[in-house]
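Chain nomenclature is as follows: A, B, C, D, E, F, G and H, assigned in order of appearance, with residue numbering initiated at 1 for each chain independently.
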Amino acid sequence: MDDRSLTRLLDGVAAGTVTPDDALRELRRLPFADLGYARIDHHRRIRQGIAEAVYAPGKTAEQCAGIVVELLDSPDGATPVVLTRAHDTQIAAALAAAPGGRVVGSTVVWRAAPTRPGSVLVATAGTADLSAAQECIAVLAANGVAARTLTDVGVAGLHRLLASLDALEGIDVAVVVAGMEGALATVVGGLVEVPVVAVPTSVGYGAALEGVTALLAMLSSCAAGVTVVGIDNGFGAACAALRVLQTVHRTGPPS
Amino acid sequence: MDDRSLTRLLDGVAAGTVTPDDALRELRRLPFADLGYARIDHHRRIRQGIAEAVYAPGKTAEQCAGIVVELLDSPDGATPVVLTRAHDTQIAAALAAAPGGRVVGSTVVWRAAPTRPGSVLVATAGTADLSAAQECIAVLAANGVAARTLTDVGVAGLHRLLASLDALEGIDVAVVVAGMEGALATVVGGLVEVPVVAVPTSVGYGAALEGVTALLAMLSSCAAGVTVVGIDNGFGAACAALRVLQTVHRTGPPS
Amino acid sequence: MDDRSLTRLLDGVAAGTVTPDDALRELRRLPFADLGYARIDHHRRIRQGIAEAVYAPGKTAEQCAGIVVELLDSPDGATPVVLTRAHDTQIAAALAAAPGGRVVGSTVVWRAAPTRPGSVLVATAGTADLSAAQECIAVLAANGVAARTLTDVGVAGLHRLLASLDALEGIDVAVVVAGMEGALATVVGGLVEVPVVAVPTSVGYGAALEGVTALLAMLSSCAAGVTVVGIDNGFGAACAALRVLQTVHRTGPPS
Amino acid sequence: MDDRSLTRLLDGVAAGTVTPDDALRELRRLPFADLGYARIDHHRRIRQGIAEAVYAPGKTAEQCAGIVVELLDSPDGATPVVLTRAHDTQIAAALAAAPGGRVVGSTVVWRAAPTRPGSVLVATAGTADLSAAQECIAVLAANGVAARTLTDVGVAGLHRLLASLDALEGIDVAVVVAGMEGALATVVGGLVEVPVVAVPTSVGYGAALEGVTALLAMLSSCAAGVTVVGIDNGFGAACAALRVLQTVHRTGPPS
Amino acid sequence: MDDRSLTRLLDGVAAGTVTPDDALRELRRLPFADLGYARIDHHRRIRQGIAEAVYAPGKTAEQCAGIVVELLDSPDGATPVVLTRAHDTQIAAALAAAPGGRVVGSTVVWRAAPTRPGSVLVATAGTADLSAAQECIAVLAANGVAARTLTDVGVAGLHRLLASLDALEGIDVAVVVAGMEGALATVVGGLVEVPVVAVPTSVGYGAALEGVTALLAMLSSCAAGVTVVGIDNGFGAACAALRVLQTVHRTGPPS
Amino acid sequence: MDDRSLTRLLDGVAAGTVTPDDALRELRRLPFADLGYARIDHHRRIRQGIAEAVYAPGKTAEQCAGIVVELLDSPDGATPVVLTRAHDTQIAAALAAAPGGRVVGSTVVWRAAPTRPGSVLVATAGTADLSAAQECIAVLAANGVAARTLTDVGVAGLHRLLASLDALEGIDVAVVVAGMEGALATVVGGLVEVPVVAVPTSVGYGAALEGVTALLAMLSSCAAGVTVVGIDNGFGAACAALRVLQTVHRTGPPS
Amino acid sequence: MDDRSLTRLLDGVAAGTVTPDDALRELRRLPFADLGYARIDHHRRIRQGIAEAVYAPGKTAEQCAGIVVELLDSPDGATPVVLTRAHDTQIAAALAAAPGGRVVGSTVVWRAAPTRPGSVLVATAGTADLSAAQECIAVLAANGVAARTLTDVGVAGLHRLLASLDALEGIDVAVVVAGMEGALATVVGGLVEVPVVAVPTSVGYGAALEGVTALLAMLSSCAAGVTVVGIDNGFGAACAALRVLQTVHRTGPPS
Amino acid sequence: MDDRSLTRLLDGVAAGTVTPDDALRELRRLPFADLGYARIDHHRRIRQGIAEAVYAPGKTAEQCAGIVVELLDSPDGATPVVLTRAHDTQIAAALAAAPGGRVVGSTVVWRAAPTRPGSVLVATAGTADLSAAQECIAVLAANGVAARTLTDVGVAGLHRLLASLDALEGIDVAVVVAGMEGALATVVGGLVEVPVVAVPTSVGYGAALEGVTALLAMLSSCAAGVTVVGIDNGFGAACAALRVLQTVHRTGPPS
């Protein structure tokens, strides 16, 4: 809906090659398919550089399957398709309708993009944070990015992180996944100069308040420029990392 | 009101050296002075090893002064007296009524106890945490403990703490004062084996929620055995540290 | 990573007995084992005086078992190993892989340390607080400390506590476990001079807010120097008590 | 608007002594005076046994004065009038318009009721809780009840309360005023069999959450049957106590 | 532990009829039975006028049964015994060990007290509030008070309440049970002069916040002197009502 | 209970055609049926223009069935009856007792009103918001209003909404159903001049706080005049829309 | 940006009467003026039927004045202009730049619309709620609607409301303004069939939580179809009422 | 402290050109200056690419001035220095000690870096959001980045944003500053493929909860990959944007 296509369309009308009615229809012909219960956004990848994911909760297994199939039928047939937070019934229905998806935890990926450059580190504070981290890694993989990982480096045992400082070098983005008090985000944020996306997790109990504590702590980080996504939102962190890679890519190498 | 004194009293009654009425009066003669607006607890130091402090907020300047004077008049005339969270008018009234107090921020100390052994480290994450730390240090000093300090070692600049690891050695207790995300408590908790008392401060804004974020984060610390006091409660942290020293003292050297 | 070992290492390099490469490797050889999904911290007991516990939630039964086995294989073969908050499947898997653990509620202990001196009182307000108290007692036992207990002494029936004042004498630390309004911590804090570690529990309903009320009340205690751990965190309270005992131990008897 | 007056009115209509129009007018003639900005409820004392108080916040000084004057002009000229939470300007305006009020803190009382039987104890945990207690005492006094007081008996110094157990005997209601963790309400509730009205105060800082902690703690009290009013609501507690006295009075002595 | 018994005891010691050791033993012989996991408070009824209830959550079925049996074995064999919030297994175990209990919802009553005077109205806003109301009614009945009820009179259909104004007359206490916005407490509080105990319930969803909204609303009631107990706390409301009746009873008829 | 009927009644008494006793009885004969556990409000439809719905949670299946039957037996036999938030057992019981209800999700409708004019748009942000939307649509249908729908037009894909601007034209009310950050309400509110009723849903996780985030966001909408109902409250939104239609209807066409 | 204008534009291009460049410029020429610090929305009144108000907080006095002047300079010179929540300096600056505004509390209105039909009732629970109500009334007046008012009819004195039932008849919308527990909204919602817009106010203290309690209570109202705006948002309530009147107007009288 | 410098140091020791003592001293000579009240981190810019800012709140004017002077004295004399959130006294003291700073609101910048490539868009929803935006812009400018701005494009007037779609093209990062419901972040996030850093502001009142609502809404955004910083944290957003530019820079052009 940018100026150029508007201009081209209006030029067509002025030139008589497009009738006003056709122009109006064209303007209204938006890039999505209406399934009744959902509007599939075929052009999101073009607009945002990320395939539209299907967020499963609240959808019936049939709706999940239907949306996945529609997405796989998109005109630009190479787009990756991701189903997130799906329970077993939804996964089964989706795989039955659209075989070939790769399941990682509650995430399913069809037609992962070919590998592309870009170095993302996914660091976790504890073993229990792995499930949010895996969602992040799976979504990155679906979009062609192979993440580097650093597991169980929570700052109560600081030497574990200090022994891994090499892993922090040469990366484009760091995703830090931590529950409880979420201190790892601050420590990593103080050690690297690249974007740090903090993912609070609901790991912990009582005063951890199901992730709210880690969330607030990360938002209050004394490491300048750390940004935060929602609790357990590995998907969002992956998308945030992909946005950084897209900026790197579009700015690209000067000739 | 322990068994021994009860027994002694009853023995006296049985022996006829104490009349029942006197015994009853004795049982009722509790170790405090009633000023009408306050009951001064002269024996708290004996019971808890810490002088009763006067918490100024909500008290008139006259009440502050009156309680301080009463405490200084206590039979065991060497007990330190501490006035906390006092504003200028309260401090002026108290000093007018009881000259000789030493003012540190909003704390005033009269008759500080002579120095005694015990090594307490007070570490702060940032310069803005100094006022809670100073309250802690002043209360420790009032009770005869000279604190060691480590200032501005927040974990976003980890090397500042790593350069000071010596300061963590040989201590009996560590008090960690930090606002924002409060991560310093976890890092220190992972480095020492002695008690760590975490003091969340109201430093920070927005999502720091006036100290609630640091409080929750410290309570959720993944460093095992870190304990927490209330927001900005330097006084409480000092008392907690003194309790540890009292345990050390009373267990003392085996013969 | 303290100065002395650095100096020794550098002396070795200067003396030619250690090559620079070996020194670097040594500096990097950190005391943990990497299982892929977890980094086992074999030296934590040396650093913190407490065996690393395995926090079960969020880990698969296999991961629990794997970490326990790795810990039991540690070079210093006498270290106690503790699995906490484990559900039945996790416990079964861990015991199958590592027979001989003693199960107390959701806690399993392997190779408990020999009994050592130190007197910890664990007091509970009500029968319903027993499960958090038991976690605390089991972790203390694993580390060689036999706790004294005082059960169901909530302050609504004050005479129950007053009848047990003897139990408060001669202790090194008091752990107070209470839900609902958590008032027991304040009353105990006013009666003893040693450290009081308050454990809010999720006992109660409605306005008890799953332990948040007790937590806030304990943090706001008018008994000076009471410190608090997270909701239901019997493990943390045990570690806090152990930290006090370690200070007592290291300060030890003067010659 | 009870049945009896309805019946009397309808009987009058049936007897022809009251015209339907008069009856309708009577039904509509409700016992209040409309000042434009306020509807004065002259009959509330009859309905609830408590004079209508004027809550000052949000009202102009003129509105405060006007409402007080209107209330003093009420047909039943002996009703006490109370202005609460008034700042200096409001008090000055009200006293200028209606001289003779007695000022206690932010409360002003005109035409206090003659003393009547009824024994209410107002106990406070600390000196800083006095201002809420004074509001309660002033409102009780306005309604003819002379409260007994017990000051500064917070449970961190339990012996202060134990020394005053006599004060708990023979009372009709206990009002317990406490901030911080509010534990005094539970302890008193466990010692007396009469109604306990707990008033949480905003005394304390940080985790005291401006009285929310005391409020939640009192609501979660393990002493059965303790009831709670809003934070700092000394006025409400006085009214609750008066309601109890009214029940005592109306049930009265059997002949 | 009052003065009179102390005096009597000390007189005995002085007279030689009681040895000091016996006196000490007597002072320590407190009126409860220690079951190991619970301390049964046989004298609470004497102290508070209400039988000790057994709060089932967090207790094993065996513990529930054991405590009930102990209470039924109390010396003063006519005391009612109440088990609250018990699930089916706990109820079954308790009834097996102590046959004859009457089950109402999750409450079981053994040996209900004989009916005594006292008029308590229990009003509910909606049918869904009945379960909290029934707990209240059962506890009142256990203590010999037959409650009057007024069901489903929520203020969105004001005429339902207006049609029942008679029910508000002649009562000693009103218990108002309401969820959602809890407005019924205010309306009833404005219509009666006797104590109003408001019970917020967890009825409602979303912004009702599981009863917190009704709780806050009742605490903020513009009807002066309404008091509040915890969410869904029908038991507490019954005890609060009983406390009022006890005041009425003890003040009793003047001769 | 309006003036006219009061007047008519009193006129009858004055005329001797109604006895005072009959008048009183009439005044007391309020338009509901008392089932013991519920008071059925047969006249609510007259008073509010909306049939009384039966809110199922907290009611037994028998109570649900009983109330539905009573409502269907109402004198004005054409009133629609709605059962909301019912689970399967409740639905089965109600349909067994009152066959012919139409089930939509957790809502059952008996005797839907004939279609009447009025154009309501129900727009949803995502597929997962459909269940709240369906409750709204079913309640509208029960009251004779056929809603227009616009599905899956969340503002992260703005062109989906822009392509549907036609749907916003010519409506009387817009109901906007959205979870997560609820931004759709603001965007729609900025595009139409008619009432916008925003329904926050519990769709989302973590920081979505089960609908609280969407609720707060909608209440803070920068689109002037957007109003909000409770979380997931499709029923309330339908009633709000019906209230608007009733105003349109009663103002109606001038002759 | 509706279809009709798009079509007309495209027809012009097709007909050669509009060049593509002009069409593009036209499409981009949106109806606002860019002041640098603000974008004035001259067409909002056409789009939403309500003049754009200037929300003063956070704006400098100069910015307030500048925006008001720009709005008064709008092409359709009869549009009313409203400045809300302005403090004295902002009001002075605005009146200096644009004389003739009428000040009501913190609201200033220039060029109020001529009176138009529509009956809005603004009811307040207490005198302290008047300031939010006045904002609502002033904004209604600015848009040509003269509100009917009903003051100080809080439900703790139910007869005040019952005496005013006439005021509830014949209205198009009711705005209910109440703080504390906000019960008035439910009672009014149960008495009228037209839209009820509830405005929670920050009146009250402590548990009133600065309006959050009234907000939650109104959202949880058991009166079906009550809708809510933000705390103290008299402006929003006025706009919501105006939206209803616009629906009435546009549906209008059938011929 | 990276491997290379360690190796070089150790090589020196091995070669005899560095003594062990010197090596130890070197290892301990960390790149900061200790002012007593603060540790100045001279190397942060090297480590994070961003000059260390001085956060003024909680610091005395003298401390602010002292730290600024120390930073300006840093060895690498071209580093920009930023003082944030300073009040007038702090600014005056800092400028007196270090003339030449440029003041923007509460931010002061000394020695701004020379302009460097990188395109950052800072978009605000309303005029009242400008102060947070200005902090962001000033910090970007200090680091050599000239931000593009888009002001007052809140989504309640969607056409204002749609008219500015050009501004969203060709950018490297978007910073979206919005209060109230914060919906602008979602809409922008749906329109661009580059990183979106959302800054919730405390603009709004009542249910806006001083920025918490916008914060939660942005964290729950349905636009994938939007990240969030703390409330009003323009500084943090600037640093987050700089981190992205640093990644672009370091990845740079392949040769």
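Throughout what follows, a residue touches a chain if its C-beta (ideal position, glycine included) is under 8 Å from a C-beta of that chain, and two chains touch if they have at least 3 such contacts.
Everything numeric here is computed off the predicted structure, so don't read it as measured data.
Trainee: Tell me which chains count as touching both subunit B and subunit G.
Mentor: Intersection of subunit B and subunit G contact lists gives A, D, E, H.
Trainee: State the pair with the higher C-beta contact count; candidates are B-C and G-H.
Mentor: The comparison resolves to B-C.
Trainee: Tell me which chain's centre, taken as the mean of its C-alpha atoms, is farthest from subunit E.
Mentor: In terms of C-alpha centroids, the chain at the greatest distance from subunit E is H.
Trainee: Relative to subunit F, which chain's C-alpha centre is the most remote?
Mentor: B
Trainee: What's the distance between the Cα centroids of subunit C and subunit G, rounded to whole Å?
Mentor: Roughly 59 Å separates the two chain centres.
Trainee: Between subunit C and subunit D, tell me the centre distance in angstrom, where each centre is the average of that chain's C-alpha atoms.
Mentor: 49
Trainee: Rounded to a whole Å, what is the gap between the Cα centroids of subunit D and subunit F?
Mentor: 40
Trainee: Identify all positions of subunit C at which a residue touches two or more other chains, and write them in rising order.
Mentor: Expected reply: 1, 3, 126, 157, 190-191, 206-208, 212, 215, 219-220, 224, 230.
Trainee: For this structure, give each pair of chains that are touching.
Mentor: According to the stated criterion, the contacting chain pairs are A-B, A-C, A-F, A-G, A-H, B-C, B-D, B-E, B-H, C-D, C-E, C-H, D-E, D-F, D-G, E-F, E-G, F-G, F-H, G-H.
Trainee: Going by the contact rule at the top, pick out the subunit C residues touching subunit D in the complex.
Mentor: 125-126, 154-158, 180-183, 186-187, 189-191, 204, 206-209, 212-214, 216-224
Trainee: Taking the complex as given, what residues does subunit F use to touch subunit D?
Mentor: Within the complex, subunit F contacts subunit D at residues 3, 6-7, 10-11, 13-14, 16, 19-20, 23-24, 27.
Trainee: Please output the residues of subunit D touching subunit B within their complex, sorted ascending.
Mentor: Counting only subunit D, the residues touching subunit B are 126-131, 151-153, 157, 159-160, 162-163, 203, 205-208.
Trainee: In the complex, go through subunit F and note every residue touching subunit E.
Mentor: Against subunit E, the touching part of subunit F is residues 1, 28, 30-32, 36-39, 41, 44, 55, 57-59, 63, 67, 85, 200, 202, 211-212, 215, 230-233.
Trainee: Provide the residue numbers of subunit E that touch subunit D in the complex, in ascending order.
Mentor: The contact residues of subunit E facing subunit D are 1-3, 47-50, 53, 165-166, 169, 172-173, 190-197, 215, 219-220, 224-231, 235-236, 238-244, 246-248, 250-254.
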